[in-house]
Structures are given as C-alpha cells and as structure tokens.
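Have a look at these structures, which come just after this line.
The same chain A turns up in both complexes below, where it pairs with chain B and then with chain C.
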Partner chain A sequence: MEKMILKKKNLPEFVEKALKEYRVIAPTDNEGIIVFKEITNPSEMMLNYANTRIPAKSVLLQQTETLFTFSQGKTVAVTSPEVNDKTLIVGLRPCDAQSLAILDHVFGGDYSDPYVEKRENTILVGLTCLNPEITCFCTSTGGGPSCAEYTDVQLTDIGENYYVEVVTDKGKTLTERASGLFAPAAEADERKKKELEEKAQNAITRTMHTDGIAEKLEEIFESPFWRKIALKCLGCAACTYVCPTCHCFDMQDETAGTRGARIRVWDSCMYPEYTVHASGHNPRPERMNRVRNRVYHKFNYFPKNCNVIACVGCGRGIEVCPVNVDIIDVIDKAREVNL
Partner chain B sequence: MTTTETSVTGAPNPYVPQLAEIDEVFDEVIGERAIKTFRFSFCDEKVQNQFTFMPGQCVMVSAMGEGECMFALSSSPTETDYLEVSVMKLGKVTSVLHDYEPGDIIGVRGPYGNGFDVKGWKGKNIITVGGGIGQPPLRSLIWYILDNRKDYGKLDVIYGARTSNDLSFKQEFFDLEKRNGVDVHLSIDVEEDGWTRFVGFVPDNLLAVAPSPENAVAITCGPPIMIHFVIQNLLKLGFTDEQIYTTLEMRMKCGIGKCGRCNIGNVYVCKDGPVFSYAQLEKMKGER
Partner chain C sequence: MVNTDELRKTAKEIVEREDVKYVIGYEKGTYGCRISPSFAFSPEDADKFVFSPLCVQNLAVYPLLEEKLPLKRGEEEDMRKVGIVVKGCDSRAVAQIFQEKGLDREDVILIGVCCTGVIDLKKLATQFPEPLEGLEVTEENGNFVLTANGITKTIPKEELLLRTCIHCENPTPVVYDVLLGEEVAPSKEDYQKVKELEEKSLEEKWEYWEKKFERCIRCYACRNVCPLCYCKECMVDHLSPQWVRRSVNLSENAAWNIMRAFHLAGRCIGCGACEQACPVDIPLMEINKKLEKDMKELFDYEAATEEEKSLLTMFKPDDPGEFIL
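After this line comes the complex of A and B, so read on.
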C-alpha cells in the first residue's frame, strides 16, 4: 500500500481535476443535514461531519431508478438506459465502504444487477472517522473508524495534511493522474495518523457481541422474545431506509399515455404489504414476523448465504428510531435468551 | 408470426423483458375464479429458438404499464414453438392480463427457479397431485413425461378443484386418460349432478387412489392447506421425505434473489425454489 500526504489546501484542486473525468459525489450540507450529492464545485463538499443521513448505497442503488422505458403504440419498444459514467465518491466513511462490499454479494452473482456495473465504474475515496458518534459500533462488525479495507483511497485528516493510503489499483490510477499534489509520507505523518486512529478507536464506546450470533439465532427463532422486541416498534421503516446494507426494493410501472417506465424504488420489509400475496395470505402478517425477519436477515441469513454479517455498525438505525429500538441491545438480549 | 413491430434495445440488464406475442388464449375456467391459458411466442425468433427451460421453472410476465407476475410455465419444454402460462384472475396484473387477446404484446423474462428434477426421476413411477390453479407446473411435467415416455414408469395424475367448473385443462384430462400408461383421477369438493368421479378433497382422493411408494416420486402443487394434507397422506401411504416434492409460492418482484421479499429463512423461493423436497421443507425455518 502506498502511503502519501496531500496538503489539505490542495484537496479542492484534486477534486477539480477529478471533476473533469468523473461524476463526483460528496457529502454536502443540506440545511444542516449531511447528504451525498453530485457536486460541480469542490466548495460544495462538507467533510467536517460525523456521517451522512442516507448512506452511500444511494449512489449505486438509487432510491428511485428507471430499469427500462417502454412505449406501446403501433410498435412496442423497450429501451434500457446506459449505466452512468465513471463516478468518484469522495469522503465516505469506512462503514459505508464496507456496506458496499456486503451489497456486492446481493447484486452480483448469476444475474448481474445494474449496481454491478456502476460499482465497477465507481472509485471510493474514504475519509477516516476522527470523531465517531455515540451510536457508532463499527469496531464490533469487522471494521473501524480508520478501516481502509473497502476503499480505493483512504484519507485521514492529520492536521495540515491528509494522510493518504492508496489501497487498490483503481486508487492508484486516480492518484497518479494528480501525482503532483501528493508527497511521500514522513514517519512523523504516520505517527500522527496512528495516534489519531487510536484516539478514534477509543472514542467508540458501544460494543455489539457478534461472535456466534448466527448460531444463537438459529436456536431461538420460535422464542417469545421476538414478540417482546417488536412490541415498541412502530413499523415506520426509518431504520431500513437509512441502513447501508438494507437493499430491498419494489418495482412499479409508471405510465403517461402510451409511454411508460418500470421504476425500482426502495422498499422495506417492515411494511405488511411487502410480502402479502394476491390471495390475501401474508407470510409475515405481524410486526413480530417483520422485526424478526429484519434481524435474522442481517445476523443469520446473510452469514449463512454469504459468510458475512450484514451490519457495519454505522449506528444510523439506532439514531433515527423514533422509539429507541437499539440493534445492539436486541442482539445482546438475544444472546441471553434461553429456550 | 408477429404482426406488431417490436424492439428491445439499450444496455441489457436482468429486469428488461423480451417481448412476446400472444398467439392464442384458452378459457380454462369461466366465471368467478376465471383461469386462462395464454400461448405466446417471442417476437424475436432468435430469442424463441434459444429459450429453454425445465418443467417447474417460471417466467416473469409483464403487462406493460401494470407490472409483472411470476408464473410457472404450463407448457412442456418439448413444445419449442411456443410457451404457455395459465393464469387465475386475482390481482392487479392478472386482471389486466385476462383482457389480453391474441396479437397483444407481453413482456417475458426468465426462465427462473430450479424446476423439477426430471433427470433424477428417470425410471421412476410419477404421481402428480394437483389442486385448483396449482396444476400448471404439473401439466408441464406431465407432457414432458409423455413426450419422453420410455424414460419413466407409470404416471398417475390426481387433480381436483372446488367444482367441475373450476377444473382447468378439462378436455385435456379426458384425452389423457385414453392413453396407455397414464391414469387420471379427477375430483371435485362437493357433489354435482352428472359428476360420476370422486367427490371430496384432493388429499382424500389421493388416499382412495393409494399409489404405491415403490420406486415412485409424488409431486404436489396447490393451495397451502391442500399441500399440507397431501403430504400427510403421502407419508401415511409410505412415501419417504425424499420421495415427496412440492412447489412454493411467494410474492415476488425481481425473480432473481435481490429484491428481498420471497425469502423463507435464508432461502429465496424465486431462485432456490420453487421446487423443494419435503425433506428440504422440514429443515426450512421461516414464515411461509
């Protein structure tokens, strides 16, 4: 891994250069809420933030996305859109980068979703978390505030400079194009980075005990515990919208006259309509069924199918839940359930 | 022959259907629980020639502007000029489809799912136990077996519906039973004037027919409650968990294991199913 420094005052120039070649997505301040948005000027970037409200999945699995358009008049035509251009996501957190590695399992495979091509066309420039939120627990889910495993280039703010780790070939290509802006990292830079990294690690106070959780859940599917956990859930689905690994979607047709489009939109397993059959039968009729399914999907089904827990410890679900359902608490209590 | 000009262009993605023209529409059941069979062929001849599937596999059928539904193919793979799906008028998309006529264009993508293990069942006696709108995948299987007759043993077709009016593929069954090596056992739930065959539920008809489990597999498709009792009765008749197969249904959108909703535990019915042995079913945790 190549280690370099980039003067902070040179970041805008770096982004400026990138804008010539890439669609650049970065955290922006939207009336106090930090969201990923396509930028046209480096000044729109907002890098002094804890995390975005909506995760980076929204770039590759848009909340609303046209799968194809159609027209049915004298002739019937179906046209699918080209996958968009080369994209650079600047300033995403390690947890969001990790979540994309998890979503790769879903969208790749035998049927290659448009996500896959977008992902291949996307370069991730990560930004180390120096001030984690009180809800953060990424160190429990295989990541960490400075984890560079899932990004192409990782930046760490070490004062006047960014400490730059070039992780992948994609990252190498990107930095080489602006090589004049980078200088080799000195030992002092590395020391500073390590020191800040440790501080950030220690600032994460919450811990989820995930070892053996898939096996434990295997035993307690029928437990009344799930009814208890679901009691206070409102079924609002906020947790699923802000979750970086929730990927469920619906497909709907929109029409105007003889023209139309098949659109995919984010859906949520927390809604009863999500699973209801045309016959009226619903395999998950109660909130208990739906809450349990969401927990199992992340901590039992995903481990069984892909050998990975589908939680990156970003804390968003905990933060947005209007009734304080806390996934750490759910998992910790599940571990103590005796049948 | 396609009469409407059609085109499918752009960057391919797995949600883009191919276009197909409806060749013929057959009324299977008329009235309240209407069922129609749609015979169609792909507008692009190359697509039609390349399309292969196994009995039990499904396709996503689009009524453009309304949406998509997953249906088991009810025609046999041995019919290469066309495909068929048999559809009960029930929800939004199926109601629109029922208004479609020959010449109309539908979207079709697939085939999806695992299908029946017809290769593994070679040399065995086959018993199909169907109820109501559960028969379409079994119909595909039955014709596949009849078109590969020497590969399989005795064929017993057990099928029932609420009333004689609700029986799909009626004429076909009457024709079938005239053939050698296939026995057809039809039933209706309640007595009707002029009905001389079995009266009662499908699981009871199964007990009355009492097929031997010797070198046999039984495949059952129908409403969940029927499947439940058919399996109980098959076990009573001495069938083992590995000799019993069924198909499961779930609400589906993508059909390729990505949209999330058709899971039973960690199994996605769209891509891992829809065919499961009873041995597999027993091990599956999760809501159905």
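After this line comes the complex of A and C, so read on.
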C-alpha cells in the first residue's frame, strides 16, 4: 500500500481535476443535515461532520431509480436510462465503505443488477472518522474508524495534511492522474496518523458482542422475547432508510397519460404492506414479526448465506429511532435469552 | 417536578389491578441521556419508571398502535385497560382520540403528570456534544440545571425546550385518572414563526419549504410517532387510486407532507412528536401550527376541547361558507 500526503488546501484542486472525468459525489450540507449529493464545485463539499445522515448506499442504490421509461401509442417504446458515468465518492466513512462490500453480496448474484455496473464504475475515497459519535460501534462489527480495507483511497486528516493510503489499483489510477499534488509520507506523518487513529478507536464507547450470535438466534426464534422487544417499536422506516446495509426495494409503474416509468424505490420490512399477499394474508402480521425479521436478516440469515454480519456499526439506526429501539441492546439481550 | 417514588407507586397500584393489561411509562434509555418508553406488566417492571424533562415521547400513540390479530376459535378478546403516563399535550391527544371515538374512556387509565416542558434532544446535543451518561436534570428559576460527567451547566430553559413547549397552553393534563405533580401555569401560543412565514411571498414560501421537503426520505416516522395518525390504512399506502406516488422526489414529498398536515387540521394537538422524530429535521410543526392558527381564526375551534364533535365532522346551518363560490 502506498502512503503519501496531500496538503489539505490542495484537496479542492484534486476534486477539481476529478470533476473533469468523474461524477463526483460528496457530503453536502442541507440546512445542517449532511447528505451525499453530486457536486459541481469542490466548495459544495462539507467534510467537517461525524457521519452523513443518509448513508453512501444512496449513491449506488438510489432511493428512487428509473429502471426504464415507456410510452404507448400505436406501438410501445421502451427506453433504458444510459449507462452510468464513472463516479467518485469523496469523504465516505469506513463504515459506509464496508457496507458496500456487504451489499455486493446482495446485488452481485446471477442476474446483473444496475448496482453492479455502478459499483464497478465507482471509486471510493474514504475519510477516517476522527470524532466518532456516541452511537458508533464499528469496532464491534469488523471495522474501525480508520479502517481502509474497503476504500480505494483513504484520507486521514492529520492537521495541515491528509495522510493518504492508496489501497487498490483503482485508487492508484486516481492518484497517479494528480500525482503532482501528492508527496511521500514521512515517518512523522505516519506517527501522527497512528496517534489520531488510536484516539478515535478509544472514543468509541459502545460495544456489541456478535460472537456466535447467528447460532444463538437460531435457537430463540419462537421466544416471547421478540414480542417484548417490539412493544415500543412504532413501525416507521427511519432505521431501515438510514441503515447502510438495508437494501429492500419495491417496484412500481408510474404513468402519466401515455408515458410512464418503471421505478424502484427503497422499501422497508418494518411496514406491514411489505409482506402482505395479494389475498390479503400477511405472514408477518404483527410488529413483533417484522422487528424480529430485521434483526434476523442482519444477524442470522446474512451470516448464514454470506458469512458476514449485515451491520457495520454506524449507529444511525440507534440515533434516529424516536423510541430508543437500540440494536446493540437488542443483540445483548438476545444473547441472554434462555429457552 | 413529578416525584419518582409517587409515580412508581401509582403505576404499581394500577398494574396490579385485574382489569389492567399493562402500564406504559418512561424508563432510562440504552445510552447517553436517552429515555425510552417502558411497558410495565408487573409491579416490578414499574420500578423502572422515571419522569423528567427528557421524557420527550408522546406515549398516547401506543394504544392504537397495537395490532389485533383475528381471534382463534374459542379465544376471547383481551379487553383489559391500558395505563398510560401522559403529559399535558399527551393527554390532549388522548382527549382528541376520545372525541373521535378512536378509544373509549374506559379503555385507558391515565396517569397525568404536570409538565414544565421537555428538552429538545437536538438542541441538547449542540450544547453538550459529548456523551451524557447519567444526565441529571433539575429546574431552578427558569433554568435547566444539567449535571453529567461531573460537570454542571445552567442553561435558560428557552434555549433547550422543545419548540412546542415554549408556549405550551396545556402543561397540566386535561384528562386523567390520577394527577401527579403540581399544576403548571399555562403560557399563550404566539404563533411567531407562523406569522413570519405568512408574511413571505408565495415564491419565498416555496423556496423555504423546497429545501426541506427535498430531503424528506418518506420514512413516515412523523406519521407513526403521531398519536392522531391512526387510520387503519394511511392514504399514502393506498395503491388504487394512488394518492401519493412512491417516487421520492420534491413533488411527491411535498404532497405527502401537505396532505398529512391537512388530515391533522383541527386534530393536531401540537405535541411536536413528528418534528422531534424527523430524521432529516423538517420543521413539521410550522405547518401544523399554521393550520391550528387557521382553525382558531376561521372556525373559533381548537382540537381536544369539550366540543362534542371534531371540526371536520361538524355541520352548522349558520356556517357563512364564504369560500364557496
């Protein structure tokens, strides 16, 4: 792995250069809410944030995506949207980068989902998380505030400069195009990075114990515990929509006159409608069934199918829940359930 | 302030009654200064109950959120009552639901708590960015005295209160079976923010709301947290006809938020739960307060009052009907 430094004041120039070739997506500030958005100017970037409210999945699995449009006259014409441009996501946190590696399992199956091509065309420039939030627990889910495993290039703010780790070939190509802006990292830079990294690690106060959780859940599916856990859940979709690994979607044809589009939109397993059959029967009739399903999907089904827990410890779901349904608490308590 | 021992004692007495299923109150949350709704099925469970200005949730949402499955043969419906701890605004929500016949007075036992206003957790986070384990909140001369991590800060209440609490007209519950704490003098709503917005031009108003609706993710936390949003099927979930499309864009988001506000016209009791729950900070109470103001001015009507019927189900022969051509 190549280690370099980039002067902080040169980041705009780096982004400027990238803008000529890539669609650049970066955290932006919408009245205090930080969200990923396509930028046309480096000044739109907002890099002083703990985490974005909406995760980076929103770039590759957009909340609303047009799969194709159609029009109906004497004949029916179907048009697919153009193939995606080369994209650069700047400033995503390690947890979000890790979440994309998890989503790869979902969309990279036998059928080519639009996600796959977009993912291939996307370069991730990560940003080490120096001030984790009270809800963060990424160190429990195989990541860490400075984890560079899932990004192509990882930046760490070490004061005047960014410490730059070039992780993949994609990252190498990107940095080589702007090689004039980078300088080799000195030992002092590395020391500084290590020091900040450790501080960030220690700032993470919450822990989730995930050892053997898939097996434990296997035993307690029928436990009344789930009813108890779900009592306070309101059944909204806030946790699923801010979750970087939740990926369920719905498809609809939206028409106006003779024209229309087939769209796919995020859907949530917390809604009763999500599982309701055409007959009216709902196999998950109560909130208990739905809450349990969400926990099982992340901590049992996913580990069984893909050998990885579908949670990256970003803490967003914990933070946005209006009634303090807390996944760490749920998992901790699930471990203690005796049948 | 409500005495915790008294609250727990009351809740225990209620939960022990044979005609009571459970009592819903508040307990310490799972991290920081968060408070969580708490369901007590036994007197021991009620030992966890707390009440403080951090108890932001409106628990009146729960009775109608319970999903009732079809009864099995020979099974009888559990008709036992539910106990709920209600602040002033929460009690108004229950009163409004009674008026709409969503719940029967006999369905619930209300533990009214006199409320001096709850803290906006988003404002608190800007004052105390660090984790607040074991935060203690007391009140002194119009200030909140906050103690956490060995540090004590005194902050004027207005700087921390939830916006809707600053001019609360019903700090003391309007309907209850037991009342705890001392009655609190009501304030007067001045609709300052609504008036500011009313003065803007149409373009300026749109510009103001555009940025806000643009970031709506349609998670419906506002709806699900709202005690008055209890339709069996929400209009936004209906597929045929589809009143609001599933596409998440400015146009549909605006339609959703405005339609929801209309459905709450004359019904919203102003607790601010929607605004507090919104993960993208859309100031929903500004719309709800506008409608509340209009209802007062146009129809001399307020939600959850002694009226026999709610405004939109009422007909008056002497209605001037000036808006009808």
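Everything below uses one rule, namely that the second predicted complex is superposed on the first by the 339 of 339 C-alpha atoms of A that agree within 3 Å, B and C clash if a C-alpha of one lies under 4 Å from a C-alpha of the other, contacts with A are read in each partner's own complex, and residues count from 1 in each chain.
The rule is short, and it goes like this: a residue touches a chain if its C-beta (ideal position, glycine included) is under 8 Å from a C-beta of that chain, and two chains touch if they have at least 3 such contacts.
Everything quoted here is computed from the prediction, not taken from an experiment.
Enquirer: Mind checking the superposed model to see whether chain B and chain C fit together on chain A or clash?
Expert: fit
Enquirer: When the two structures are overlaid on chain A, which partner does A:252 contact: first (chain B), second (chain C), both, or neither?
Expert: The answer is both, since A:252 touches chain B and chain C.
Enquirer: Quick one: classify A:134 as touching chain B (first), chain C (second), both or neither.
Expert: The answer is second: A:134 touches chain C but not chain B.
Enquirer: Just checking: does A:12 make contact with chain B only, chain C only, both, or neither of them? Give me first, second, both or neither.
Expert: Once the two structures are laid over each other on A, A:12 reaches no partner at all.
Enquirer: Give me the angle at the C-alpha centre of chain A between the C-alpha centres of chain B and chain C, rounded to the nearest 10 degrees.
Expert: With chain A as the vertex, chain B and chain C sit 90 degrees apart.
Enquirer: Identify the partner contact of A:260: answer first if only chain B is touched, second if only chain C is, both if each is, neither if none is.
Expert: In the superposition, A:260 contacts chain B only.
Enquirer: When the two structures are overlaid on chain A, which partner does A:159 contact: first (chain B), second (chain C), both, or neither?
Expert: Touch status of A:159: no partner.
Enquirer: Quick one: classify A:82 as touching chain B (first), chain C (second), both or neither.
Expert: Touch status of A:82: first partner only.
Enquirer: Would you check which partner chain A:224 touches, where first means chain B only, second means chain C only, and both and neither mean what they say?
Expert: neither
Enquirer: Would you give the minimum C-alpha distance from chain B to chain C, in Å, for the three-chain superposition?
Expert: Closest C-alpha pair between chain B and chain C: 8 Å.
Enquirer: Starting from the residues of chain A touching chain B, keep only those that also touch chain C in the other complex, and list them.
Expert: 250, 252
Enquirer: So in the complex, the part of chain A that touches chain C is made up of which residues?
Expert: Of all residues in chain A, those touching chain C are 30-33, 35, 53-54, 63-64, 134-135, 205-206, 228, 231-232, 234-238, 240-242, 250, 252, 254, 263, 265-266, 268, 271-273, 285-287, 318, 320, 322-324, 326, 328-329.
Enquirer: Across the complex, what residues on chain C touch chain A?
Expert: Touching chain A: residues 29-32, 34-39, 57, 61-62, 65, 67, 69, 131, 211-212, 214-215, 217-221, 223-225, 237, 245-249, 273, 276-277, 279-281 of chain C.
Enquirer: For a test of understanding, state which residues of chain A touch chain B in their complex under the given definition.
Expert: Residues in contact with chain B: 67-68, 70, 72, 74-83, 106-107, 109-114, 218, 221, 247-253, 255, 260, 262, 264, 267, 269, 274-279, 281, 283-284, 289, 293, 296-297, 300-302, 304-305.
Enquirer: Show me the residue ranges of chain B that touch chain A in the complex, using the header's touch definition.
Expert: Residues 4-17, 19, 62, 64-69, 90-91, 94, 105, 107, 224, 249-251, 253-254, 256-261, 263-266, 271, 285-288.
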